[in-house]
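Both complexes shown next keep chain A, but they swap its partner, so chain B is in the first and chain C is in the second.
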Partner chain A sequence: MNNKKTIWITVGVIVVVAVIAIVAFSSGSNKQPAVKQTVKIGLALPLTGGAAFLGESSRNAAQMALSDAGQTKYNYDLVIEDDAFNPAKTATVVTKFVNIDKVSAIITFGSGTSNAAAPINENAKIPRFGLASDPTSAIGDYNFIHWTPPFKEGQLSASEMVKKGYKNVAIVDTNHSGTLAVTNSVKEALKNTSVKIASYDLTNVGDKDFRTIITKIKALKPDIVLVEMFSPEIEIFAKQMKELGVKIPMTSVETFEWSNDPSLFEGMWFISDAKITPSFAEKYQAKFNDGPKPGATYVYDLVTLFINNQEKADHALSPTEMRDSIIKTGYENSPIFGNIQIDKDGFFITNASVKMIKNGKAVLIPE
Partner chain B sequence: MEYIIHISILISIYAILGLSLNLVVGFTGLLSVTQAAFYGIGAYVTAILLTSTGMNFFLALIIGMAITGVCSLAIGFVLSKFKDDYYALGSFGFNVIIYSIFLNWQSLTRGPLGIPGIPRPSLFGFTFSENVWFLALSIVLLILVYFICRFITGSSFGRVLKSIREDEGAISAFGYRTLWYKLAIFVISAMMASIAGSLFASYITFIDPSSFVLSESIFILAIIILGGLANNKGAVIGAACLILLPEILRFVGFPDDIAAQMRQVVYGVILVALMLYRPQGLIGEYRL
Partner chain C sequence: MDIIPQLILNSIIAGAIYAMIALGFNLIYGTAKFFDLGYGALTAVGGYAVFYFYKTLGLDLYVSILLGVLIVGVIGFIVYKLVYSPLRKRKSSGMVLLVAALGVLTALQAIIAILFTSQFQTLSQNSSSEQVFNILGGAITQTQLVTLIIGFVIMIVIGLVFRYTLFGKAVKAIGDDEEVSKIVGVNTENIIGWVFFIGSAIGGLAGILIGFDTGIEPTMGLSLLLKGVIACIIGGIGNVYGGVLGAFLLAFIENFGIWHISGEWKDAIAFAVLILFLLFRPHGILRK
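So, the complex of A and B:
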């Protein structure tokens, strides 16, 4: 009897919450004026957990793209959901986008999450654009990747090392899908050059003591150290290099820019993703009192792309029409990257750039 | 409808995990937080066999159970040297070790890159590609696991497990070799978790180590504590509540800027309130 009562109480609580949720949801959707058709864009972003700062910056960028669009023929509804960077949660969120929200296009953040989402939107024939480095997440007719490809960054990193006359490089990597994709590209690109890999060390997120690795590198005396680490590991590594009196210059692919204290790498060059128009970064900084984090530029760019394509049409585009219009017209005059090519495998091809840390900030080195 | 089917599949998978852990924690009183590791072994064995050899899902599922059984036997043997809090700490350690293997044995698991493109199960030429059929398969396996758990807990073997939980010294005095009982239920529980792992890998079609971290073990533990320890129905109800609740909260109209954080807060408050009013869980028979 007592158990039955408890079950009824539980069921009651769930029903009450569900009713409140449905009422709130339906009242929210009634806010749109009936005269304009609404186009929904789904964004699965890491808004909680360790990568939340990336997701929040991307969410801000999406909202900024919407407000920058100004007066439009159609209403645009950004459906933003948290996937906590967890592939299983991404699968749930994308299933919701497809079946409940009926979005016209989807943006996912990360390689693992994009891989989990890919079969769902592919079956539903809804285009999805991943901020990812793993090419498997672009397999299919409705899957795309908008992120400077790692091979572009790897090639530029290798050519810069050759140009600067380096003979050997020590690589310190992190066991993470993003950094592994990049360092594999660098290693591949270095194969055809005179630059030799003096050592390769793999660290894990959360490691705190790199003295053994640094001591080994010190003994090997490489010309440069390629550091692929996230914050706070990258700052700890740089400080321990100083503590141990190692003055070998460092470089990275993107990760200096992700550091909380870029001044630790003052005067050092590194490879960054595609060049962006300075006005975007300045505008973002002014609006949110913080610079855009990795990924934000791509999200801004994609939301703008969807809006631009939709505005050219005389009716609300179906997901397949949205995909076809993007493939057909390509992406000329991107507000962030200029002209972008979309290749047959669904990659938005943008070129990597060379930057350096100057006065604690990443600045572009003119070609 | 697809969304509801998707949520139902996740509930089935987590209900299997809850039922399996309940045998160890609820019925035997061993506070284990290694379940995500066994879940992961099942998922990885299935994923590797399906993607590299094209093996049938059901054969891969059985091999996954066998490999998980062998691993859990070794782990359980070591854990049997510990008691109470030390047992929990030891099991915590094993979860971390197995996670590290998933992450670092890159030639086998592809490490953080994960394994994409895992095919859906097929049987006699029929592929469970539609989610509704996959749900049917998940429910069949859930019912199977549920009745196995009910059989175990209702048998004389199950009564010995409960006696171990209540007073291991007393049952030992009657001549029962409790080590073998504890080992046996630990291995059975791990093999059941492996079934959930196989289903998960084949359903999501992608796995990486982030799905099998320690927090996943704690989530499974929360399922059985909320649903009610030492009650098979409690594990299923707990899974349904903990999977449904955050999904329901997605439809509450919080402003976009704080929605994700607010949902977490509300989710946490509801769980705390439930534990305050029902410390033994919704239909539990035992308290930790």
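So, the complex of A and C:
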């Protein structure tokens, strides 16, 4: 009799505990997963080579976005790889993100690198957001560009030249999809103005001797030289301009800011990408004892965008769900840029700004 | 404004750099008879050695340059002893030696990138303060003038050594026929080792001067080497004077070639000239 009673009591206790456990577990799953799921975000950044200082700043920004997100429902794993600003390496890195890391979204840095990654992402159906100017890197349904579009920068560059009374401009370009997209936009915008293109010279990435191009420009005596080059070529170009005694002012679309030594362009104006909220720059400065470099703001913005969209969901989003979520909700509260529209071509539309190099740093020129 | 004086000067500046590369390359090729691609990486080794001694350790400029040149010479010698000499003793084909040289180039570039990162570096402490000379209506910097002078001095010294010293005659003899040189008692292994030391040191010095003029990066050697090789083929492969002549001719063709067309064509022009010479004058302007 006692044995039977003991068995019934034991069974009763087990049933009660099981019911409580089931109720607790099922009600909890509606609010928060018992074990946090991990969402991976892949970042292909230039961490070595001439553009390493830009990649490092972007890496800092990504980590800052993650820490600013605070307590989250999900774990976020930033998988950061170096592509050295080399499209071939980007393709390898992005393939790794897709096949091994199984990331939910990818960020790439630069136009050439984004072009290399675009078909891989399209095939794998994993959304990729490039910090790029070349519109062709936003092909298909899974490739996007988060950068001020070249037509916005081109229009502003042309209007600034008109405003400053320039009659002609010499353009020195680099055979790179990003700079070509930008200079094409400038040339297109100049067609409807009084500013004439005095000369157009294209250089190859890696060229180091620009003396003959500079000599030609010196003879033409244009009012201004638009230089679209990356580091270190742009610094070498500025040095050789000085050596050859050419005092014609220079301008650029973004590339002064991409230089490792902006002080070479002291006092010169240029067109930059979108304005950012001062609070972000201040916060970044306080944390890393240096201002954010070009690209860092977009990386911060994108990582925040991924986290915000994921946090709204009740399960870890698949890559396609992540893409759909971003397209559906748009981006009305960017912490960096305010309201952003995503156009039909996959461009996050932001406005260009006018800056100048002052005390070795890029500063906004008030409108 | 007449741009021709400056274009001539630009060509002379570029020619001086190509000539330095061609001098070392031609010396090695003329003796060992294979395309030493690893020579390209030694230009970067020279630049980074000076970067380390001068900018990192803060040693005196001239001491740093001397150490840099010596180190490159020693590395060139070691590479010969460890890689090329055993292969040559096994009578390996030119293709095997070429592949080995490509391996040396890649390995040296990778080691430099690991030690110093791939970041572009400049050797001058203050590049904006460099002295600029005006010559016949054109501008040339102090470094470029020094490069030009050193190039000519090296060419003359090599010419004199070849003509008047036993070592120079031995080098010429090996270049003409290594087997016969051995039979007549020339220590070919020793002489070729010295040629690698001297040739590599010249390449290293070229890398150092380029580092002061523009800057250095681990992969700088390959493009320089290609221009040096084109210069040698145009001027006469294996001929020290021919290499220098080819270097200046190449530089003039490149710089005047882009006078009325875009600068992106510069390399295309250089390689078009190479193909023309290979087709119509494969031994170059000056025969060995």
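In the analysis below, the second predicted complex is superposed on the first by the 275 of 367 C-alpha atoms of A that agree within 3 Å, B and C clash if a C-alpha of one lies under 4 Å from a C-alpha of the other, contacts with A are read in each partner's own complex, and residues count from 1 in each chain.
The definition used in the following text is that a residue touches a chain if its C-beta (ideal position, glycine included) is under 8 Å from a C-beta of that chain, and two chains touch if they have at least 3 such contacts.
Keep in mind the model is a prediction, meaning the values are calculated, not measured.
Undergrad: Applying the document's definition of touch, where does A:137 land relative to chain B and chain C: first, second, both, or neither?
TA: In the superposition, A:137 touches chain B alone.
Undergrad: Tell me which partner A:324 touches in the superposition: chain B (first), chain C (second), both or neither.
TA: In the superposition, A:324 contacts neither chain B nor chain C.
Undergrad: Taking the superposition on A as described, I'd like to know which of chain B and chain C A:48 touches: first, second, both or neither.
TA: In the superposed model, A:48 contacts both chain B and chain C.
Undergrad: Count the residues of chain A touched by chain B and by chain C, then name the partner with the higher count.
TA: B
Undergrad: In the superposed arrangement, which partner chain does A:223 touch: chain B (first), chain C (second), both, or neither?
TA: Touch status of A:223: no partner.
Undergrad: Could you look at A:204 and tell me whether it touches chain B, chain C, both or neither (first, second, both, neither)?
TA: The answer is both, since A:204 touches chain B and chain C.
Undergrad: Taking the superposition on A as described, I'd like to know which of chain B and chain C A:68 touches: first, second, both or neither.
TA: So A:68 meets neither chain B nor chain C here.
Undergrad: Touch test for A:78: chain B only (first), chain C only (second), both, or neither?
TA: In the superposed model, A:78 contacts chain B only, not chain C.
Undergrad: For A:180, is the partner it touches chain B (first), chain C (second), both, or none of the two (neither)?
TA: It touches chain B, and chain C stays clear.
Undergrad: Give me the intersection of chain A's contacts with chain B and its contacts with chain C, in residue numbers.
TA: On chain A, the residues that contact chain B in one structure and chain C in the other are 48, 52, 175, 204.
Undergrad: Along chain A, where are the residues that touch chain C in the complex?
TA: 48-50, 52, 84, 172, 175, 200-204, 206-213, 215-216, 218-219, 221, 231-232, 236, 239, 242-245, 260
Undergrad: Give the list of chain B residues in touch with chain A in this complex.
TA: Counting only chain B, the residues touching chain A are 1-3, 6-7, 10, 103-104, 111-114, 116-117, 200, 204-208, 210-211, 237, 241, 244-245, 247-253, 256-257, 259-261, 263-264, 278, 282-283.
Undergrad: Name, in rising order, each residue of chain C that touches chain A in their complex.
TA: 1, 3, 6-7, 10, 13-14, 113, 117-120, 127-128, 130, 132, 139, 141, 214-215, 217, 223, 255, 258-259, 262-264, 266-267
Undergrad: Mind pulling up the chain A residues that touch chain B in the complex?
TA: Going through chain A, the ones touching chain B are 3, 6-7, 10, 14, 17-18, 20-22, 24-25, 27-28, 47-48, 52, 59, 63, 78, 80-82, 85-88, 91-92, 95-96, 98-100, 111-112, 115-116, 118-119, 134, 136-137, 139, 175-177, 180-181, 204.
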